[in-house]
Every structure is written in structure tokens, then in C-alpha cells.
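Look for chain A in each of the two complexes below; its partner is chain B in the first and chain C in the second.
Up next is the complex of A and B:
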């Protein structure tokens, strides 16, 4: 009797495992399926109707995307805007993060809420306001303009990451360096800088990916000279060339994957975000 | 060569209305291990931070080796310091941590290697050069801290509650290790702690602080045997206090009436009958006798209220009637049951003039 019950329970347990794996697989498919679809689309030829797999493979769409879609130019715009956005948000992040992380000041929570506001309200609402201001200031269709629009998204992340980094910086460790004979300059270069570098790198990577992926704000501030990859891809959808659009989409994913690989290998993500805790 | 290695001269530091150091004057002799002991908030940390230059005193001067350092920034004071939370550099391995003071001073490479090696040997951490602080236990981290503080042979070693982040057993081991290292190097050390057992075990002299002032400075023995105030007696070791008034003074002896007890003790200088005094007896200085013995002074009848077995000692709470309780500790072989009637003998009673309240 007892063995029977045990076998029944084990069966239930096995069943649970099967169910678990099925759910996990479905979930993975849900994440991966769109990527697979785009990837196949970008190399498939004559793929119509209800076929599960394209009948013919080709790289023509990539050539088209690069030549007709002007991808090199667009990529250059995206990178320049990204670099400006990263530079500005990192500088803002260092100063604001220092204030948030290391200083006692009145209304800290309120100020933090204001900093996070651009991320909390619907992007399109915010973007409309930004567009109106930029038209007045003649910032539309300039690298600086689009980059500044991106900063409104990147800076909150930079501030959050750097505030945590600076908060984790132990005052006692700096004091110890002083007692050991290090003056302010040496304390900064030998102790402070190495300790905050991971945080600054993390903030720069976050800022760059956000600028790189930003769509709504770009859409309302770009012009013929400042088309970025997401916008270019979106426009191509409007033109109706699904295969070329897919090729662009795949090209767009590549740098993100590169950054992800870099983070995974070079630096431990948990170290990037938290700074050095538990010292 | 001045005798004092570290000198506080009337150092005062205020935080708003709070006086953390109130005209503190203290001299630490060359090669001496001095402990600043006191409850939290007594100002000992403030003194230490004035000495490191981390905070600036509002008044008074601080001298190290005869040189006025009051206006020198921290990094020019040539100090070695061990911190409560270790404060190692988390991004450097053990070797680089210990070598840091030498690196800052641009010491030549071979000298650096030799001195770091010596320092690591001194704290028995050879073979750990490549480890990072987070890979070490608390005790090992603190030994790295000690090596880093000593590596360039500073004139003065400061220890800021270095053992309070360690567990009890390790704390006791490290106590002797620190004492040994400091003695072997003959370095002048200032040790800050709130742990009286640590202070007694380690120090050449102890300075007891209370509310920004020094209560008493002396060897551990002096502090324990001849506390000069009720605060010191209360802070160091266990104590019983009895309040009473002087009945008669007879040469170098006086009799004090404390409730229904007549206690005979050494007379205080210039004391007159009627003077309110505080009597003080350590629990381990009281003898318990099973029966009355005629001719023995200071023998009082009592009842065992509570007997607690502590392994090596027995801890008794005895009541003498009229709400008078005494705590007594005796050898564990000297056993008396709860409720038993016994006789107490106080061979040694110290006294002070009672403070007016």
C-alpha cells in the first residue's frame, strides 16, 4: 500500500517536472520566436504563404539594406548621438549621483522622483513636449538635439547606478588611505577611481544601450540628417519591404549582442550595478 | 628627546551644545601602549580623530614626538592605524594593501618587497599575498590591517576598536597577538575601546574617559585596585556600593554607618563625623563564612537570595535585611544553598566622599 502511494507521489513529481520543462520551453520559444522569425525573413527568398521554412536562402536583402537603406550613414548617426548622450549623462550622473549617494540634503526623495519623472510618464507625452521646445530652440535634426532628448532617458539610469556606487564607497577606506600617507590626489587616483570605475562603466553601458534603442523621442526630434537605426527600420516597414526591414533589424541587434557579450565576459554584472558591497 | 610621544594639550571639541572633548590633556609615553577606555559617547573616538587629523579640535594643541601636528593634514602625520571595520582596500590584494603606505612614499622596489614580507611574517600571513580582502576571514583581514599599519614603521600606532567586529574567542586570541607585536616592535600605541577586559589585558596604562573628560589615568592594576571615582569602579569590573555617613574617626580608621551596618575602614583624609561617604567592595573581595567568629571586624549576618553556578566561580546575591543587597563571587568549591543563613566578612572596603546630588 505504502509503496503504491510512494509510486503515485513520484509519478506526480515526475509529472510536475514535465509540466515545468514544457512551460520553460514555451516561455523560451516566446522570447526566441520573434528573433528567429526576423532572422529567417532576412535571409529567405520567395517565402510566401504557409511555408514553415523559406525555399531559398540569400544575403541580397542585407546588400539592399546597406545600399538603399543607407545603413552605414544611419549607423554613424546612431553612434555619434549615442556617444554624446553617454558623455552628457555620465557627467550629470557623476555630479547628481555624488549628491544623492553621499550628501544629506533636504527633499532628497522628492528630487529623486523628479529625476525619474521622464521614465514614469508615457514617452510620447514627454516626447511631444521635448519636440515643441526643440523646434523653438532650433535643435531639431541636430546631433546635439537628438542626443539631449536621449539624455532625459539615460541620465536617470546613470544617476541611479552612480548614486549606488558612491553610496557603497566606504568613508573609512578613504580615511585609511589618508592615514597611510595619501594626499587628496593620490587618494582619488589609487582608491576612489578604481572603486567607482565599475559603476561608471555600468552607467555608460546602460546609457548607451538606452540611447541606441530609443525610438519615441528620436521619432519626434529627428530630421533627414539624424536618422537613427530604430527610426530607419520603422520607416522601412512603412515602405512595405519586409525582407529589407528584417535585415535592418538583424543589423541593429548586432551591437547590442556585442555589448552583452562584453559585459558577460569582462565584468560581473552584479559587481557593475552594486559597486563593491560587503567589504 | 621629549618623554611624551603623543601629547594632548587642553584639546577641546564641541558638536553644537555637546562637548565631546573638554580640555583634554593626556601624555602617552614613548613605547607605551595606552588605552582610551570609556562608554560610547564619552569622547574617545573624538580624541582619536583629532589625533589622526580627521577632525580639527576647537582648541588646544596635539603633539607627536614633540612636534605640533594640530594644523597638519592627516597624510603628513606619519601614523599607522587599524580600523574597527578593517577598512582594507577592496580592489587590492593583501600584498598591495600592505605595500600601499610604501607605494605612496615611493619606496624603492626591493625595500618594498622586504618590508612587506617582514610585515606579513609579523602577522603570520605569509602565503596570503594574492588573496583579496573579501576572501579572508575577519581575523585575517584585521591582521592585514595591522600589517598595513606597521609596514613603514610609523612612530605611532593607533587602534580604533580593532577587535569589536570579531567573535569572542578570536577577540581574545588577537588581544595577545596585538600586545605581542606592539611590545616586540617597541612602538608607541594608542588603543581605543569600550571593552574593559580588553583594556586591562593589553595596556601599559589605561585612560578612562567620561563625558569628554579623563576620569583616571593609571596602570590596569591601579585602575582596578584604586578606582578614584564611582564611575571608574562601576565601569571596571563588578562592584557593590553602600552609602552611609561617618560615625567616628579614630586615627587612620573610621567607622561608617550604612543603614544598620557598622563598617570599619581606612579613614579618608580630613574626614569628620557626619560626612556622607560611598563604600565600595568588589564581589570577589567578600568572604562567606558559615558561622559567626568573634573578634573578626566587618562581619555581618546575611541570607543567600540567589546562587548561580558559573563554572569556575559561584555568583551569590545576598540580602542583609533592610533592602540591602550585596553581590559576592567566590570560588566554586565554596558552596552555599539558596536560603542559607551565612556570615559575610568584608576584609577590604574602600570609600570616597559622596558626591552631592
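Up next is the complex of A and C:
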């Protein structure tokens, strides 16, 4: 009787485990399947009707994507714009993060809320105004213009990440270094910099991700010389060639996966969602 | 002068430190918003005069009301489904099951990939020739025709959930991991079954975390633009409607677009304020319940 009861409980426990793993596996499948379909579509040929896999493989679509879709040029644009956006947001983030994280000021909470406000409003609402201003300033279709538009999305994240980084910097460690005879310069290079470097790197990675993925503001400020990867994909979807679009998507998703690996290893993923303070 | 510098130097340095951020805020957010507000009150295509007509036409138009209702429907549906997916998922992932790092990575994938790529993959997967329908046709009886998912409202909700549930999931997971295991043990020692511990101790304690994450999911879903643009078909939420106003008609209808943008911003802010209040109240209630 006892063994029976034990077996029954055991079965229940195993059942729970099976249920849990089933949920996890189907969840992973749901996340991965769209990428697999893109990948297969990008190398498949003559994939019509009710077939699970393409009957023939080809690399033609990649050739088309690179030659007709002009992917190298588009990739160059995206990287240049991303680098400018990251540089500007990191500078803004370091200064403002230091002020928010380490200095006393009246109305800090209010100022912080003001600076972080762009994250609470859908980008399309201010993208209209940004586009209007950039048209009058002739910033549309320039690297600087598109990058500046991206800054409005990237900078709040940089400020948030860096403010928490600087806030966590322990005053006593600096004092200890001072007691041990390190002057201001040495203290900065040997103590402060190593401590804040992970935060700065995380902020740069997140800023770049946001710039790389940014679509709304780019769509309203881009021109023929500043087509970025998301805009190129959108245009390709409009053209209706799914195979070529998929090839572009594969090329485009690789850097994102690289960034994901970096985030997983180096930074706390919670920062990516930029949790609200005080909710 | 020196005395002025001495008394005000720290304040001035703080101001200088904040200057780039404030410049960016005013140049790239505040001034554009101001311009949009002004534009929304101008008669279409003119630079003088004031009118409320842009708001009136959109709000009185049944199509406009439908657009607003659809936006809320999609965002709220996606938020609710995200919570339903995230809570069990984070409860499992908390146990550090075998390969949990891989599954955690899976949670982050939709966050870092461009939304358009996600939408493209989802369109392929859920499409009439995608694996989802192939599976239904081959293994599920009585399904003889592909089920329509793409370009429907429920399809859009699925897509939103896929893309935006990580906000809820990551926040829920971190709330769960910040939980003191002693509290649960105390519940178990006091004779509560695991289910009771979950229902009366764990869930109330992580509710603020879940709600905070769901706010982020809601905001992302409410403001979603790229996904409904390519995967929405005839179902256009507010963001796409705004873009249509300046991209389809010639000449572009900037004033109408600005008015819709203002309506969208106001709705989002109003809803957020309401939601935050609810979150505060529920958070307080949860903490009080444990005390």
C-alpha cells in the first residue's frame, strides 16, 4: 500500500517535470521556428505547396540580396549611424549619469523623469516633429541626422544604465585608494575606470542594439543615401520577394545574435528592459 | 566673483553635467513635440490659423474610433497573454532546471532582434504554407484548410506576444529571484501545500513585479509600428494610421497626422497614469497582506 502511494506520488512529480519540460520545449520551438523558416526560405528553391522543407537548396537569393539589395552599402550605413548614435548617447549618458548617480541636486526625481520621458511616449508621436525639424535643418538623409534621431531613443537607456552604475560606485573604495597614496589621476585610471567599465560597455551595447533595430525614426528621416538595414527589409517586404527578404534578414540577424551572446555573458538582461524605478 | 564661484560651483558643475542630456531632450523630444502640438491645431497645409477640426474629424469618424478601439484591444490582449505565458515560464525557470540558461537566452531573443525580422519570421511560420498550418493539416483531424492567422487581429496579438512578452517575463523572473526563500519555507512549515504557498504567498509578493513588467509590454504593444505596418494588413492601429496620413495622400496630411499622434500620446499617458495607480494600490495591498 505504501509503495503504491509512493509510486503514485512519484508519478505525479514526474508528471510535473514532464509538463514543465513540455512547456519549455514548446516555448523554445515557438521562438526558434520563425528563424528556421527564414533560414530555410533564404536557401530554398522551388518551395511551393505543402512541403515541410525546400526540395532544392541554392545560394542565389543571397547573391540577389547583395547585388540588388545593395546589402554591403546598407550595412555600412547602419554601422556608421550606429557608431555616431552610440558615441553621442554614451557621452550624454556619462555626464548625466554621473550627475544623477553621484551629485545632489534639487528636484532630481523630477529631472530624471523628464529625461527618461521619451521612453514613455510612442516614438511615432515625436518622430513627426523630428522629421519636420530635420527637413528645415537639411539633416534628413545625412548620417548625422539619422544618428541624432536615434539618440532620442538610445540616450535614455544610456542615462539609466550609467546612473545606476555610478550610484553603485562605493565612496569608501575611492577613499581607501586615496589613503594608500593614489592621486586623483591614478585613482581614476586604476580604481574608478575598471569599476565603471562594465556599465559603460553595457550602455554602449544597449545603445547600439536600439540604434541597429530602430525603425520608426529612421523611416521618417532616411533618404536614398542613408538606407539602414531595417528600412531595407521593410522596402523588400513591400516588393514582395520573400526569398530575397529572408536572405537579407539572415544577414541582418547575425549581428543581433552576436550582441545577444555578449549581453548574456557580460550584462544583466534586466537592464535591457530598463525596469522602471518606483513602480 | 570668486565667492560666487565658491558658493555655486557644485551647482554649476551639476548643471554642466546635465547640459548635454537636457540639450538632447529639448532638441530631440520637447521641441518636436511642441511642433507637433502646434501643427495639430493648424488647418491642413497652412502655417497660420487655429482649428480643432483635425481632432474633430478623427474622433467623430467611426473609422477613427475603430482605430483607437483596435489599438487598445491589441495592446491589452497582448499584455494579458504575455502575463499568462510569463508567470508559469518564470516559475519553471526559477527552479534552475537543466539547460535553464538556454531557455533564458530564448526569452531574450525577441528583445534584441529587429522587430521587422521577427514579424517576417512569424509571417512565414503562421502563414498558409508555414509549419503551423502544415502541422494542423497533417496531424489534426477535421482541418482541411489552412487557418488564417496572418493579417488578422488575433494574429497581430500573437505577434505582439512573441515580440513583447520578454519585458514581462524578465521582470517577473527577477522579482521571483529577489524573493526570500525563507518566506516560502515558513509557509510550507506552517502546513501550506505547494499550491497554497504559490497562491497565497508567492503570487501576491511578485504581483508588483508582474504588473511593472506588463506596463512595459503594454507600452511596447501600444506604440508598435513596424510589426502592424507589415503584418497588420487591413487592421491599422494608431501608429500605422499616423504614418499612412503622411505617406499615402498627396500632399501629405501633416496636421491630421499630428492630431492623431497627439491623441495617441494623450491616451498612452492617461492609461499609464491609471495603470501606475492600480499597480501602487495592488503593490501596497500585496505587501499589507503578507504583513
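Convention: the second predicted complex is superposed on the first by the 258 of 279 C-alpha atoms of A that agree within 3 Å, B and C clash if a C-alpha of one lies under 4 Å from a C-alpha of the other, contacts with A are read in each partner's own complex, and residues count from 1 in each chain.
One rule holds for everything that comes next: contacts are C-beta pairs under 8 Å (C-beta built on N, C-alpha and C of every residue); 3 or more make two chains touch, one makes a residue touch a chain.
Just so it is clear, the structure is predicted and the values come from calculations on it, not from any experiment.
When both complexes are overlaid on chain A, the residue A:146 reaches neither chain B nor chain C. When the two structures are aligned on the shared chain, A:175 is found in touch with chain B, with no touch to chain C. In the superposed model, A:103 lies in contact with chain C only, and not with chain B. In the overlay built on the shared chain, the residue A:227 is in contact with neither chain B nor chain C. For chain A, the partner that touches more of its residues is C, with chain B and chain C as the two candidates. Of the two partner chains placed around the shared chain by superposition, chain C is the only one that A:120 touches, whereas chain B remains out of contact.
Counting contacts by the rule stated earlier, residues 276, 279 of chain A appear in both its interface with chain B and its interface with chain C. Only residues 170, 172-173, 175-183, 186, 190-191, 194-195, 276, 278-279 of chain A touch chain B when the two sit together in their complex. Per the touch definition, chain C reaches chain A in the complex via residues 10-11, 13-14, 16-22, 24-25, 28-29, 31-36, 39, 85, 88-89, 92, 95, 97, 101-106, 108-118, 120-122, 124-125, 129-131, 134, 137, 162, 166-167, 170-171, 174, 208, 211-213, 215-216, 219, 222-223, 225-226, 229-230, 238-239, 242-243, 246, 254, 257-258, 261-262, 264-265, 268-269, 272, 276, 279.
Interface residues of chain B facing chain A in the complex, by the touch rule stated above, are 52-54, 73-81, 83, 85, 87-91, 100-101, 103-105, 133-134, 148-149, 152, 158. Residues of chain A touching chain C in their complex: 20-21, 23-24, 27-28, 30-35, 37-38, 41, 48-50, 52, 88, 91-93, 95-96, 98-99, 103, 105, 111, 114-115, 117-118, 120-130, 132-133, 148-149, 151-152, 155, 159, 209, 212-213, 215-216, 219, 229-230, 233-234, 237, 242, 245-246, 249, 252-253, 256-257, 259-260, 263-264, 269-270, 272-276, 279.
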